[in-house]
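Contents: one structure, followed by commentary.
A, B, C, D, E and F are the chain letters, set down in written order, and residue numbers restart from 1 in every chain.
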Amino acid sequence: MPPLIYVTRRAHFSAAHRLFNPSFSDQENDAVFDKCANPHGHGHNYYVEVTVAGSADPRTGYVIDLKRLKAIIEEHFIAHVDHKHLNLDVAFMHGVIPTAENIAVACWNQLEPHIGQGRLFSVRLYETENNFAEYKGAHT
Amino acid sequence: MPPLIYVTRRAHFSAAHRLFNPSFSDQENDAVFDKCANPHGHGHNYYVEVTVAGSADPRTGYVIDLKRLKAIIEEHFIAHVDHKHLNLDVAFMHGVIPTAENIAVACWNQLEPHIGQGRLFSVRLYETENNFAEYKGAHT
Amino acid sequence: MPPLIYVTRRAHFSAAHRLFNPSFSDQENDAVFDKCANPHGHGHNYYVEVTVAGSADPRTGYVIDLKRLKAIIEEHFIAHVDHKHLNLDVAFMHGVIPTAENIAVACWNQLEPHIGQGRLFSVRLYETENNFAEYKGAHT
Amino acid sequence: MPPLIYVTRRAHFSAAHRLFNPSFSDQENDAVFDKCANPHGHGHNYYVEVTVAGSADPRTGYVIDLKRLKAIIEEHFIAHVDHKHLNLDVAFMHGVIPTAENIAVACWNQLEPHIGQGRLFSVRLYETENNFAEYKGAHT
Amino acid sequence: MPPLIYVTRRAHFSAAHRLFNPSFSDQENDAVFDKCANPHGHGHNYYVEVTVAGSADPRTGYVIDLKRLKAIIEEHFIAHVDHKHLNLDVAFMHGVIPTAENIAVACWNQLEPHIGQGRLFSVRLYETENNFAEYKGAHT
Amino acid sequence: MPPLIYVTRRAHFSAAHRLFNPSFSDQENDAVFDKCANPHGHGHNYYVEVTVAGSADPRTGYVIDLKRLKAIIEEHFIAHVDHKHLNLDVAFMHGVIPTAENIAVACWNQLEPHIGQGRLFSVRLYETENNFAEYKGAHT
């Protein structure tokens, strides 16, 4: 078997979100989520790094054409979340608390069926320069 | 007169905003502000660079103590905007379209009366890595 | 007169270039340009920061709509230089040694006639994280 | 066995390259490599992160002296590719399509015989801020 | 078992250090540690990335509340090393050569008993933009 | 007169320093400099951006050859401060409190006599990502 190479494409989106659990009282939400529970929300410049593992096609030198990976990320994830409110505007986030953890998992689930060349290896979601979450699928 | 030195302190906040003019029709808002007019808003990790010009105090080597400048920025600006919705939660932004330009001017107006040592020289506001606005006061 | 605000849009391109003066001997080119004179060229990820000065339109909060500035930069500069060899593929660089200085001036000349709102204030061209050149027009 | 520590040294080079397969027709090259197939090439500021795994020598606190790792990377990789055209000037890239994937593998092969302390664990090659490839050797 | 998610919090400290082994002669210290052995020390802006692995709590969406992780890092590591001399001021570094490797291990040992939610997965310590060390515990 | 272009070279050094005024009491030093007065010092990864203004030489496209500017910065500034304690090891800092302001002025004074092509326009000294000082000479 040819050795694995891991290729990563980074993409960006700007979004608003609010961290709260509708089954919590206001006091519980404030205790757990603090200023992230602000009712009108706040927002971030998010970066997502999507990594695909596979062997390089000897005819192209590509594990996956990064232009194609960019297009998959754009169509199935960025177009749904960029310049949106993650709690209110995004079908695949309905009923999900939009923490970095849950956004990373949602991004994985959006992208995984469409990769085709190689296999999706990880999704890393940066909420700020200081906070990020990474997901490598259900089998890890 | 001793020569000028320019010292800068950078601070960070995460906020939601929506660009729209309430006196515009929805169509006008969409034409002008495009995806930034999304009704539920979106958000950013903002960085602000606040520059004070003055001469260095020979006893301390400071134009202005950056710990004090940090505290002024925190008290009079960051505490009002961090983890907030700029259109809905911020008294000094009421009636102002929260573009990078207008946030930079508002930040200047919030900070300028409190500097004390040296004089406020510029406020630079980064909305993303690719977009920023700078304001140097009304006399420039 | 309303106070000036300076808004900046950053754009990116990847290009090859070679520094040499065809009127120099090979030895002179090597002495002046050293490894930058490599005959087959080398390349960079360039970043350009384009700053427009003006007052904010009270109806929009914009000095210039950054989406429009982005489109001007794309059409009149990036489309001509991205994924190109600056010495061989770019009409407005013919006969110009593609130093950071000269690329910044060429970018200014390409953009200046198209700004329309506010006035072009500066073009800053990053060749690497450690090298950049800035041009503010012929009148400075 | 003492626990593993992973130490990484980052290095930089500027190079030109062209993505194309000489056995493809021009149309095929354009279809696969798009603007990366520009005949005169384009270029990048590449960053490479080289990671060595091992245990810390109790007398020095080093897995591998990073000054020595820096020198190995410089002698066996950077000196061959910096300010070069990867398709035309680099012996160990002859006949290889210089994708991020293939450059990462070539870097691994250049460095691996020279590490000596610890073992080479990964080579990560950044082509831009948005694209990178990582290789961990043939046994993974 | 629910799938693992890896959440990371980055923190910063500024510190002085000197690399030398008191059982070495001055000549040996200079040969091994070169300019890092300067008797009065030098310093860095260090960044540490602390990663915790676990499953997301369905009620909060958190593997570990990053505010709590931030507080643990602050109390048990940053407060001891920020604006300190690592050789002279830090109890848990006594007798340890403060290389990036050894600081990463010391940080792990300081934090590991306090995590509580999920398990500590890795500590990555950046000494500069070009040098970093990562530790994943004694069992790897 | 040909128009001005501003070229900048960035350089890096790692150093220790301590902020204190020997004519102050310990209490005064603690009150003014807080944790920066730690007796054993702390340290930073400093970045300095040196800008030279001039017109481009039509034969080279250079305001100043950045390789020469790099060498001037290295010889007259970096070699004196890198991996040093700024209070104890640096002749041109003796008797100077090593604030960002004073380091920027000292760097200017070290470099200004050696520029030769164009004129030194500014020295910007980054102490951290959040703190920097800029000096443009005594005539501003």
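By definition in this document, contacts are C-beta pairs under 8 Å (C-beta built on N, C-alpha and C of every residue); 3 or more make two chains touch, one makes a residue touch a chain.
Because the structure is predicted, anything quoted here is derived from the model rather than measured.
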Any chain that touches chain C and chain B: F
Shared chain contacts [chain B and chain D, defined touch]: A, C
Of all other chains, the one whose Cα centre sits farthest from chain F: A
Interface sides of chain A and chain E: same vs different residues, half threshold: different
Farthest-lying chain, centroid of Cα atoms versus that of chain E: C
Distance between chain centroids, defined by C-alpha means - chain B, chain E (Å): 34
Intercentroid distance (Cα basis), chain F paired with chain A, Å: 41
Chain B and chain F, separation of their C-alpha mean positions in angstrom: 27
Multi-partner residues of chain B (at least 2 other chains): 129
Full enumeration of touching chain pairs: A-B, A-D, A-E, B-C, B-F, C-D, C-F, D-E, E-F
Chain F residues within the chain C interface of the complex: 3-11, 56, 59-63, 65-67
Touching residues (chain side chain B, partner chain C) in the complex: 19, 21, 23-24, 32-34, 96-102, 104-105, 129-140
Interface residues, chain A side, partner chain B - complex: 12, 14-17, 35-36, 38, 40-45, 82-85, 88-89, 128-129
